[in-house]
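Below you'll find a set of structures to go through.
First subunit A sits with subunit B, and in the next complex the same chain sits with subunit C.
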Partner chain A sequence: MRDLWMSLPATAQDAALALALVAPGLLLGLWVMRGLRPLPLVGAMLRRFSWVNGLFVLLIAVSVGLGVGLLAQERGLRQGSARAAEKFDLIVAAPGSEVTVMLASVYLQPSDMALITGAQYAEIAATEGVALAAPIAFGDSHAGAPVVGTTADFVTHLAGPLAAGRSFATAQEAVAGAFAPVDVGDSFTPAHGHGAMAEGDAHAGHAYTVTGRMAATGSPWDRAILVPVEGVWEVHGLASGHAPGTDRIGPPFDAEYMPGTPAVLVRATELWGNYALRSRFTRSDMMAFFPGTVLAQLHGLMRDIRSAMSLMAGLTQVLVALSVLIGLMILVRLIARSLALLRAIGAPLRFVFAVVWSYCAALILSGAALGLALGFVAARGLSALVTARTDVLVTAGLGWPELHLVAGFVSVTLLMALLPAWLAVRRPLLSDLRT
Partner chain B sequence: MRAPDLRVEGLRVQSREGRVLLAIDHLALPGGQSLALTGASGAGKSTFLHVLSGLVRPHAGRVIWGETDIAALSEDARAAFRRDRLGLVFQDCHLFEELSALGNAALASAFAPRAARAPIRAAAARWLAGLGLGQAGARPVDSFSGGERQRIAVARALAGDPPVILADEPTAALDRANADALGADLVRLAQQDGRGLIVVTHDAGLAVRMTRQLRLADGRIAEDSHA
Partner chain C sequence: MRAALSAFALCLLAAPALAENHDHADHVAEAEGLRVIHAWAAATPRGDAALVYMDIENATGSEVVLTGGKALGQPLDLVGFGYGATGETWTVLPALPLGPGQKLMLAPKVLALRLSDLPQPLEDGGDLDLEVQFGDLHLEAHVEIGAADATAHSHAGHMH
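== the complex of A and B ==
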């Protein structure tokens, strides 16, 4: 059985799980409603107290939507952050915190870091099996966007062919990220540093001209401005990475004239080669790591938090389900007179039971469906907010986990709705009739 | 369908505190007759009607419709008896406000066996027409006057073609003209098909339309008169 389950495609497993979760509710519905036709009466009861019923549906929808939205958002954030890191095969930097280097180089969160020297870079670039060794030099900014020094090959590696214009060909040219606040043809002087601490005139006299724009990558690099690393060294008054008199940009760099770089993106000619390179560059004077692995470790760390959150979300759903139960029992009192009439004119108890259960089911299903929609909208809204704040493209949509949550919630609450239905047929007929 | 005879024997109904609400030693009503239950408020008229319809189970005694002692039946069996044999009309109509006149008159079709649903709807439409509401079947009931609403309730009671109609103060909420018209309709509809009709009423005008009047006092028969 376990082998059969494991042999199923993931989608089939998810679909089967969703079906298993919703099945108790569906089967219960079929059992309660068998041979009966309570829906016209249920419709009348729903319309009779439409405001109260609507409010109740909204309450269910908000609680379901909250759970759905948070689940979808958490997954979207995880996928978005992983997607942003997927182009960064291997990062080599001076020894220190892998997380700090990853945040700085992948997510462009500025940080003071020791540098990889020219000699170290030369060694990395010359190592057999290295297809790309791109320096990543950050520290400057313009109009809130990071200005990052690198190579034209890195631009291509990161975003593929440019969406507009051409790549930089001199140390004074720049390529804008897809959403960077500059246009092709603009010239700007970079500020030293980032944010409120940026020194706007520190690099006065130096300017870059934007010659192209990258395609969107869904990463913080979309807001960055990429310049030749020689340009970064130049505006800081350092050597250009090439022997004096050399009039070109890009690798190979002359180790003697290379000032150093905070990080180097390394890509091996073969995928497996990255592992060998990581081992080779992990030593006392430098460190190498896979950002994807560090991210997975972070996600792993967060998994415990996520588990705790899931437990809390589960408890919350239980509380919501109990609230729904109490709410339904109160709502059933509203329709007690109609139910008493049905019993008085000869409706079987099973029919009255089915009416109450269907009434509750209609509220629960409407609330759950609306909750799914609300959750979707909330996840989209939160995604837009997170994307705007972090520049990591987060696209949270509804997935199987959300459907599982809602299917489970629906089944549990439909089962719980048996209680108000059971209580309703045990209410005193005459006193309800006289109400 | 022949209306069943009614026989009541040794009937006792008490309140929770033990006060006697109803004590009727013997009553016989031949099938197809009409009976008015009169008396002061609290005399036990409605309680008697509820016992006759199986809505209240007596503490002692038998209530025999034809061959069936309704007092001895289970709750579901009493409901089935009401569904098949009794048509109930209440003082304040008890209509589903969001349903049409026809939807209310044919309410029993919602829980009737599949084969009986269409006949009930057809009968409901026929009774609405017979009560002067034939053109208004599709209208929601909240657009009807009090008299019209009570006619819809009468059509609902008749839709299942019951041999007996039990009505609890059917004209109490109506003005004189409407009360008279409804009373006349009830008697006419009962008589034309040989149905039994038992009406609880304070309305002397309605009571005199019945072939027999039973005045209750303190839960006992104080006066039994025939027209």
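== the complex of A and C ==
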């Protein structure tokens, strides 16, 4: 059985699980309504108390929608942050915190870091199997956007062919990220540092001209401005990475004239090479790590929080449904005379039971369906908000986990709806008729 | 009486040393300059895939190539970890060269030897005999089984 389950495609497993979750509710409905046609009467009840019914449906929908929206958003954020790191195969930096280096080099969160020296960079770049060794030098900004020094090869690696213009060809040229606050042809002087404390005139006399714009990557690099690493060194009054009199940019750099870089993105010629290079550059004077590994570890730590969120979302929904059912029990008292009349004219108890259960089921199903729609809208809204705040493209949509949550909720609450139906048929007929 | 006490004290003093030797033998496998240190795996139920981790040191003076392994009568694949928008993946790697004097770390969410479809469960506190394959050179190693949520060998950080 286990082998059969494991042999199924993931979609088939998800669909089977959703079906298994909703099946108790469906089977219960078939059992309650077998041989009966209570729906016309249920329709009349829904119309008669339309305002109250609408309120109950809305309560269920908001509860389901919040749970669905939060779950979808959490997944979207996880996927978005992982997607943003996909291009960063292997990062080599001075020994320290992998998380700090990852946040600085992948998500462009500024941080003070020790530097990889020119000699170390030269060793990395010259190692057999290294296809790309791109310095990532951050620390400056312009109009709130980070200005990052690197190489033209890194620009191509990160975003593919440029969306507009051409790549930088001199130390005074720049390429803008897809949503960076500069246009092709603009010139700007970088500020030293980031945020409110950035020193706007620290690099007076130096300017970059934007020559191209990258395609969108869905990462914080879309807001960045990329410049030749030689430009970053020069505006800080350092050597240019090349022997004096050399008028070119890009690798190879001269170790003697290379001031250092906070991080180096390394890509091997073969997939397996990245793993060998990681081991090779993990030593006392430098560290190498896969951002994907660090991110997966962080997301792994959040797994418990995610489980707690799912449980809380489910519990909240069931509690809301319970309060709605209590409200329905009160409503059943209001329609007790009508139900008693039904019984008086010969309707079997099972029919009255089916009417009340179907009425509750209609409210639950409508609320759940509306909740899914609300959850979708909430997830989209939250995604836009998170994307604007973090520059990490988050695209949250409804997936199987949300459908499983709603399927489970529907089954549990349909089971709970047996209670008001049971109470309705237990009511004393004569006293209800006299009411 | 004094002699008996002295002998007892000597036994007590010798015990840690003997234990250390036992630990060393358990935690290090060595042959022809190749060392496999701290091989471990997390407890895994039968039928699942078990991932085995270890540190490898090459002091042979020449390049060796890690190709895989063998345990419980089954081959082990060398697999590399990947993480992206689609989630976690383990990709089978053909082989991994290890230069003279170099070290290779097989670690969780990085690199591992994978034993697919376990014929028997790996239980916490148990062990597993493993053959690490470097082409034609095979090295017998002892794998310590940790808890299902273990993230490192129980002696990680100890020097051997």
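Convention: the second predicted complex is superposed on the first by the 425 of 435 C-alpha atoms of A that agree within 3 Å, B and C clash if a C-alpha of one lies under 4 Å from a C-alpha of the other, contacts with A are read in each partner's own complex, and residues count from 1 in each chain.
Keep this in mind: a contact is a pair of C-beta atoms (placed from the backbone, for glycine too) under 8 Å apart; a residue touches a chain by one contact, two chains touch by 3 or more.
The structure displayed is predicted, hence computed values, not measured ones.
K.L.:
Have a look at subunit B and subunit C on subunit A after the superposition and call it: clash or fit.
P.N.:
Taken together on subunit A, subunit C would fit alongside subunit B, as the superposition shows.
K.L.:
Regarding the shared-chain residue A:297, is it in contact with subunit B (first), subunit C (second), both, or neither?
P.N.:
A:297: touches subunit C, not subunit B.
K.L.:
Would you check which partner chain A:86 touches, where first means subunit B only, second means subunit C only, and both and neither mean what they say?
P.N.:
A:86 contacts subunit C only, not subunit B.
K.L.:
Return first, second, both or neither, reflecting whether A:348 touches subunit B, subunit C, both chains, or no partner chain.
P.N.:
Touch status of A:348: first partner only.
K.L.:
After lining up the shared chain so the two structures overlap, which partner does A:2 touch, if you call subunit B first and subunit C second: first, second, both or neither?
P.N.:
After superposing on A, A:2 lies in contact with subunit C but is clear of subunit B.
K.L.:
So, A:276: does it touch subunit B (first), subunit C (second), both, or neither?
P.N.:
Once the two structures are laid over each other on A, A:276 reaches subunit C alone.
K.L.:
Write the angle, vertex at the C-alpha centre of subunit A, between the C-alpha centres of subunit B and subunit C, to the nearest 10 degrees.
P.N.:
The three centres form an angle at subunit A of 120 degrees.
K.L.:
Where does A:337 make contact in the superposed view: on subunit B (first), on subunit C (second), on both, or on neither?
P.N.:
first
K.L.:
Check whether A:429 is in contact with subunit B, with subunit C, with both or with neither, and answer first, second, both or neither.
P.N.:
Only subunit B is touched by A:429; subunit C is not.
K.L.:
If you've got the overlay open, could you tell me the nearest Cα approach between subunit B and subunit C in whole angstrom?
P.N.:
It comes out at 52 Å between the closest C-alpha atoms.
K.L.:
Flag every residue of subunit B that touches subunit A in the complex, lowest number first.
P.N.:
Residues in contact with subunit A: 50, 53, 55-56, 75-76, 79-84, 86, 88, 90, 94, 96-99, 103, 107-108, 110-111, 114, 117, 156-157, 160.
K.L.:
Would you pull the subunit A residues touching subunit B in the complex into a rising list?
P.N.:
Touch list, subunit A to subunit B: 35-38, 40-41, 43-45, 47-48, 337-338, 341-349, 351, 429-430, 433.
K.L.:
In the complex formed with subunit A, which residues of subunit C make contact?
P.N.:
Subunit C residues touching subunit A: 47, 80-88, 91, 93-99, 102-105, 109-111.
K.L.:
Could you please specify the touching residues of subunit A with respect to subunit C in the complex?
P.N.:
Residues 2-3, 6, 79-80, 82-83, 85-86, 271-272, 274-276, 278-280, 282, 290, 292-293, 295-297 of subunit A touch subunit C in their complex.
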